[in-house]
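This is the structure I have questions about; it appears just below.
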Amino acid sequence: MSINSFGHLFRVTTWGESHGPALGATVDGCPPGVKIDAADLQHWLDQRKPGQNKYTTQRREADEVEILSGVYEGYSTGTPIQLMIRNTDQRSKDYSEIAEKFRPGHADITYWQKYGIRDPRGGGRSSARETAARVAAGGIARAALGVLAPDLQITGYMVQMGPHGIDRAGFDWNQIDQNPFWTPDPKAAEDWAVYLDGLRKSGSSVGAVIEVTARNVPAGLGAPIYAKLDTDLAAAMMSINAVKGVEIGEGMGAASLTGEDNADEISMGPDGPEYSSNHAGGILGGISTGQEVVVRFAVKPTSSILTTRKTITKSGEDAEIITKGRHDPCVGIRAVPVGEAMMACVILDHILLNRGQIGEELPGKIG
Amino acid sequence: MSINSFGHLFRVTTWGESHGPALGATVDGCPPGVKIDAADLQHWLDQRKPGQNKYTTQRREADEVEILSGVYEGYSTGTPIQLMIRNTDQRSKDYSEIAEKFRPGHADITYWQKYGIRDPRGGGRSSARETAARVAAGGIARAALGVLAPDLQITGYMVQMGPHGIDRAGFDWNQIDQNPFWTPDPKAAEDWAVYLDGLRKSGSSVGAVIEVTARNVPAGLGAPIYAKLDTDLAAAMMSINAVKGVEIGEGMGAASLTGEDNADEISMGPDGPEYSSNHAGGILGGISTGQEVVVRFAVKPTSSILTTRKTITKSGEDAEIITKGRHDPCVGIRAVPVGEAMMACVILDHILLNRGQIGEELPGKIG
Amino acid sequence: MSINSFGHLFRVTTWGESHGPALGATVDGCPPGVKIDAADLQHWLDQRKPGQNKYTTQRREADEVEILSGVYEGYSTGTPIQLMIRNTDQRSKDYSEIAEKFRPGHADITYWQKYGIRDPRGGGRSSARETAARVAAGGIARAALGVLAPDLQITGYMVQMGPHGIDRAGFDWNQIDQNPFWTPDPKAAEDWAVYLDGLRKSGSSVGAVIEVTARNVPAGLGAPIYAKLDTDLAAAMMSINAVKGVEIGEGMGAASLTGEDNADEISMGPDGPEYSSNHAGGILGGISTGQEVVVRFAVKPTSSILTTRKTITKSGEDAEIITKGRHDPCVGIRAVPVGEAMMACVILDHILLNRGQIGEELPGKIG
Amino acid sequence: MSINSFGHLFRVTTWGESHGPALGATVDGCPPGVKIDAADLQHWLDQRKPGQNKYTTQRREADEVEILSGVYEGYSTGTPIQLMIRNTDQRSKDYSEIAEKFRPGHADITYWQKYGIRDPRGGGRSSARETAARVAAGGIARAALGVLAPDLQITGYMVQMGPHGIDRAGFDWNQIDQNPFWTPDPKAAEDWAVYLDGLRKSGSSVGAVIEVTARNVPAGLGAPIYAKLDTDLAAAMMSINAVKGVEIGEGMGAASLTGEDNADEISMGPDGPEYSSNHAGGILGGISTGQEVVVRFAVKPTSSILTTRKTITKSGEDAEIITKGRHDPCVGIRAVPVGEAMMACVILDHILLNRGQIGEELPGKIG
């Protein structure tokens, strides 16, 4: 059971390898009558596309998405939407070394052990290239959310590169798309440019922390106990390549707080409950409160580096390895649109789930 | 779709409220022929049971588990196992205040908004009492793991209470069950006792970080892309009450590392691959490497505190609330056996999944 | 993966054996705010209860259902509803013969081969006693349908006993609960009484065909391609013990029709489309038309008979077997309320599914 | 939730419309290391392909399958296999009439009501063209079965056309692929040729009954209670376009039998249990016995006929309709390879499920 699907009612199955003929997503459960435009999907794919600037891998992929089904005269029909992206830049590279040796910190060795066969070209199925399919599917989710939750805004951004975090005092939503790192802190953007240039030139790599915020999320989304909104978000983010940690709201820092500090006090506002703070990250008991939903995840550094590392071969001999060629000094950059896409898919899925069990209006009015 | 189940092949559905007649777990997919002993299940339940010492809630529950189905003459039959725990200490308390006012930081308000009805007694379904059912189910998983992976050892322990972390240099597996905090660092246990006593007396509460380690996990477990072993562990832990962050291996700290530092170098040992370090937490590409699987999660402080907090009523009026009565100054303590239970369920599930798709032997031998 | 659950959003898991302490159903996904009354559930259980008349097994079971969770002050809370039925008449019978020999036509042999262990008392998990849990769950579904589709009427009845079919010309809805066979044809009821008396006295058994009709089903229910309304109904009915065939509308007879005969012609009525006939059984392309949904299923005769049959023992020796004691000469009688319960569960599930993807109004108005 | 997937561990999602750019199947959970050859898949697709003889629709489709992922150097990698079939003969026909009027007995009206939008060209998603994707997926299942159950043989054939059944006395396996009707009775083949010629010329259509037999099915497959082998087969077959009834073994006829007649007596043979008959169709209690698994399903006549039928328009006006152009006088013919494909998918899925829960050997040996 390889389980290449996620979602309950809005269900996405991705398929494809880094260097096969194509990759894509089968999107099932989209409501009918949603305007679906390949150009809109392309907008999101272009954000994730490699080779956008010197800080991301120089692989050249058009990442053009074709809609093969489920859309008629520009609108979703309620039947499965097949999104296909052709691989074009499968550079005729010699993969014999990677085919024989395992990169430390990479899925090479576990895929081999588990399956006894793997496509070594570009990492095959374990490549971050799979995330292009997520971004395409996320575009469908955003289109549906545009109808079902028109005020919803999903924004991802980088809050830490290597050991260097942003200054929250300098947080500016408008800065996020003004720098190659999708960071809301313009000062951090400057510093990181210098820092990453150094890493890039030395053939090294570094990790990052991405935050994704959803504003104007309807209250009442979530399906306790085992498909809580935060549980599904944690699973969605942890499923992204190279992610090692996920936080909701206060996250790991919640451990340090007292009950007094952690309580987001409630008062009655003109449009419903208001909160004095948002340690909860917009979710209580697995159900959205109506506050901003805030998720963070840590992306580890890529294991494809120019420094020699010790490893073994498939025949079990000790060896050394060095990964030449194109690589991402900070793959976290390209994870930003992926995190946004996962947020969109999870929220749409929970809107549909909630509507299924509860209906279109929440029964519990306050006031 | 309230989704009270988790797991793919080993599938657990929990049910029940804090103050209803009973709660329990329906466990489906256990292999047949596994010795199931109510006393063994009780061993794990007793660890989570309230009132064990002055640091946990003084509610008195026997937490006695009854096996109602799926076991014949002491062995699992392969049919669903129903585990029921009667609630006995449903103290005749006045819940009228909690029924009308929402505790800040608690699921009170979201359950109300979503469902328009909730059992306010003890938190109803949102109560951490639900985790007793997880621990019982985890006992079934452990019994099956005893047959399928007899060397596996799952151990949970506390590594941080409030802002106070353990000293990893003083880590001693044998200390874990020698103190009320399940911590491997005896010095931390002493300090925390003083610290928590103070919090308890002042009616405050504090968060914690729990780590769960699985040793001797077979290589090859995991179902990329969307049911990676780490994804399923993240979901399992995030689904526990009050959890706000989950980390695998290096976790959020992976963001700060360079590719050189993060690479767990590989060499060939007498029994297969060996690793110079374990930043990966035993999982690469969503598949277990055979190293220790290491998960950490942060538990927020309970919102039931003796300090007055601002809130609103169901009718939308501003109000103040203070939660008297039994409470846990550090609910993280009782989350330790719950984390272990979730680890057991996830690993068993993935052993069955792997056996389903791959068979009993991994095809990719090294050397 | 023993898979003891069915349904997508309204999801029922049954558990329990014929002679264990109890059996029941875990019902997940019921909308909140539905009035749930144990007495109402009991009404349906009493219909299925053994020992109601001389034509059904003389086992004495009160079949009293306890609601252990998910209902607060008489209304569903949206959390899982646990329904438990204690087994009371576990007659201290000698099961040693059945434990060693396999009844021909019974699950004895396959359960043994697959699991290597089975509870032989009363058939264990393979007993039709499991259907009591379905009926209880169906009672929950009916309560929710009472809110969501108040005009819906689900009626099951027997249309054939052994080789003797009813005369459709004599079909009278009001006769169904006037005879022990739930048949709408009073003449058939008389004839069958004589016929079945003969079979009962000779210790023989016979099969039957049950039809379940749902009237006032909303149009638009169904989830093509693989969870069509008819597909889910077929699975629901085929999962009942002893069922060997399922038909929708014209059923197997559709093979004999020409396209002209099979076309249910459409005209416009005051409240929407009307149909000249209902060969389709109320379902086209897997989606309900608004006509009556008509399902039929065949129940084979019970294999517990007083005539000696050849079989083998667990040790592989040839043997003979005869099943003494309580038995049902026509188990089809007690399958009537079970078929109704499955219909109720499937329709509710599809109402929730439809509401999830589509919303509360169908977008495709006619006229 | 449109639910375009089926299967538990071997999971197939189909996508695509009759006249869109392409259709296909996403196949997840195939074991790794299975030889997958596009030419082998093509073999099965060619059987279902339209225009093979004068008895099937004259639409010209190459039905060439492309493997886009999941196969490396000719072997499955354990990752999802994407199978794509381009639509080539999308004849530039005028669909305006069908777009406005609903064909009686067709999904036109229900798709419209439910979704408010549909692709009218060739029936869109409700077209039997979707079954090409099933046949392709079935080819993957057969390849895996070739490894896991090498003796297994799956054979579909027609046993009834319109009111004309075969003579079981003349059953000859070798005749099945010797006539355009896939019937084992050469005399029936002759008669049906004449009969169908008449129907074809008059622009009429007729139903059929297809039987699919699996020989050398391992004992022990099946997942009671709600994913019994027969339940999953019933769902698989009922999900095929135009199917209205499904039978296992004796099927609807089981209703007419007595317990004595229906008991397949057991004796011990050299290789295990042997049965005197197979009323059960190879399945007892939802688990395979090792006998032949026998499934039958009825296919209704196509609703595209040359006779005028009464209907309504989208605007709710009464109208008449006649369907000109290419059509299948007996679509049952082309359902034969589809039924085989579904059988292959279900059996493989249950082999994987059984291996997951039970392991590679059944624990219950006899003798």
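As written, the chains take the letters A, B, C and D, and residue 1 is the first residue of each chain.
FYI, a contact is a pair of C-beta atoms (placed from the backbone, for glycine too) under 8 Å apart; a residue touches a chain by one contact, two chains touch by 3 or more.
Because the structure is a prediction, the values reported are computed rather than measured.
A.B. asks: From subunit C, which chain is the farthest off, judged by mean CA positions?
C.D. replies: Following the centroid criterion, the farthest chain would be A.
A.B. asks: Looking only at C-beta pairs that count as contacts, which pair of chains has more of them, C-D or A-D?
C.D. replies: Here the pair linked by more C-beta pairs in contact is C-D.
A.B. asks: How many angstrom lie between the centres of subunit C and subunit D, each centre taken as the mean Cα position?
C.D. replies: Computed value for the inter-centroid distance: 26 Å.
A.B. asks: Whole-Å distance, subunit A centre to subunit D centre, using C-alpha means?
C.D. replies: 38
A.B. asks: Among all residues of subunit A, which ones touch two or more of the remaining chains?
C.D. replies: If we look for residues of subunit A contacting two or more partner chains, we find 1-5, 8-9, 14, 29, 32-33, 78-79, 114-117, 125, 224, 352-353, 356-358, 363.
A.B. asks: How about subunit D: which of its residues touch subunit A in the complex?
C.D. replies: 1-5, 8-9, 11, 13-17, 20-24, 26, 28-30, 32-33, 66, 68-70, 72, 75-82, 84, 114-119, 124-125, 352, 356
A.B. asks: Quick check on the complex: what are the subunit C residues that touch subunit A?
C.D. replies: Touching subunit A from subunit C are residues 9, 29, 31-33, 78-79, 224, 352-353, 355-360, 363.
A.B. asks: Quick check on the complex: what are the subunit B residues that touch subunit A?
C.D. replies: Result: residues 1-6, 8-9, 14, 102-107, 109-117, 125-126, 130, 160-163, 199, 204-209, 219-220, 222-228, 230-232, 234-235, 238-239, 244-268, 273, 276, 279-281, 283-289, 296, 298-305, 307, 309-312, 314-318, 332, 353-354, 356-358, 362-367 of subunit B touch subunit A.
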